[in-house]
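As written, the chains take the letters A, B, C and D, and residue 1 is the first residue of each chain.
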């Protein structure tokens, strides 16, 4: 799965995007966040304030309990500040 | 006193403005309307739907019970439809 | 540093872009500009023109009173109102309101307020001239316009 | 005759006048145009530029979703949204929303709605770069923006 990061989430993880194999037990967005936090210190730092993280699955906003399904792309980012 | 008319009030009275001596007993806008209606058929027709008439005294909106005071100009017109 | 509204009543068309530029040029405190343009419209194809009659002197004075009230109620950096008079064919501009502020809510509300009160209090009257040449008729005031203006009275008691 | 919104995400500046003209040219059914321009502002003189990061693809998709919802909710004749990305110095444009309708209330509400949801749902993030060269920082989301967006949910249950 293609994972993308934006704004300060991107800066903390240290990469704009990465391709990861999703382990079998990871079914929801929340499961994936837990998995990502376990990868290394950078990911752990990025997801430290978990309630501040917004998620888009195939470019559509979703909540943490959303099923990953067959999505090809997931993105993590802070609350938006455009406009 | 200078009396001005606009839109269909102007068309019914037949003049854009007129200079009139105000009789001693005429104190309020309402008194003046009663007086104007008595002048001729045109004025009577213009003020027939009295509740539809708006009034400005020296270019400020007022109600029918407003005192004429020392105003130099009064205007009568229908509800406004600008914008 | 009170803001002075720019109010103009004119027969010629206006340039919305130039009026908006006037509210931002040389300054960096404007974060939001809301511009309203009202046009002469004719969905049925029967209208040849709207003729706008106005009360010279009072039109400018009343628009300035409404604009000044908007400036009292919202933290604006600038406010412009231009209203045309005379014959205006379908598709042409009638009125322009531009409100500028640091914040978008103030700009939106001030422009909205200004249009609501302009409709019910500014001394302008529209007459419809038809393509057919049939007798022209005065546009009737709409009660919905009064209701729009009343919205602001409910929330205005703290001023 | 459904209206298709025009949505653009670009680094270059936009021409608000040209975008408004596009919504009226050759038609006579437009009575009201409400235009919102959001600018980069700097009251303290400490900002060198805002840097706008965006999520390419999703930015356009999400703005189109918000615009389509506005078109469903209000009787619009046209709707345009342009959002810039990249470094934008104080005084320059960031975002443009133009709503056109036969009636002014629809145009005002649609533009207002669009800005509220754009602020909270369109994937853009602002970073402040300072004149002093000190470390730049991400702009924090404001809870007032969430509240602005929530206003529309209360009255949206009939859709």
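Note that contacts are C-beta pairs under 8 Å (C-beta built on N, C-alpha and C of every residue); 3 or more make two chains touch, one makes a residue touch a chain.
Since the model is a prediction, treat every value here as computed from it, not as a measurement.
J.: Using the touch definition from the top, list the chains contacting both chain B and chain D.
T.: In this structure, the chains that contact chain D and also chain B are C.
J.: So, what's the distance in Å between the C-alpha centres of chain C and chain B?
T.: Going by mean C-alpha positions, chain B sits 26 Å from chain C.
J.: For chain C versus chain D, what separation do you get between their C-alpha means, in angstrom?
T.: From the centre of chain C to the centre of chain D is 23 Å.
J.: Counting only Cα atoms for the centres, state how far chain A is from chain C in Å.
T.: Distance between chain centres, rounded to whole Å: 48 Å.
J.: Among the residues of chain B, pick out those that touch two or more other chains and give their numbers.
T.: Residue numbers touching two or more other chains: 83.
J.: Which parts of chain C, given as residue numbers and ranges, touch two or more other chains?
T.: Residues 38, 104, 115 of chain C each touch two or more of the other chains.
J.: Determine which chains touch and list them pairwise.
T.: A-D, B-C, C-D
J.: Can you name the residues of chain C that touch chain D in the complex?
T.: Against chain D, chain C makes touches at 16-17, 20, 24, 27-43, 45, 90-91, 102, 104-105, 107-108, 111-112, 115, 148.
J.: Across the complex, what residues on chain C touch chain B?
T.: Chain C reaches chain B through residues 38, 52-55, 57-58, 61-62, 83, 94-95, 115, 118-127, 138-141.
J.: Spell out the residues on chain B that touch chain C in their complex, using ranges where they run on.
T.: Chain B residues touching chain C: 4, 6-8, 56, 59-61, 75, 77-83.
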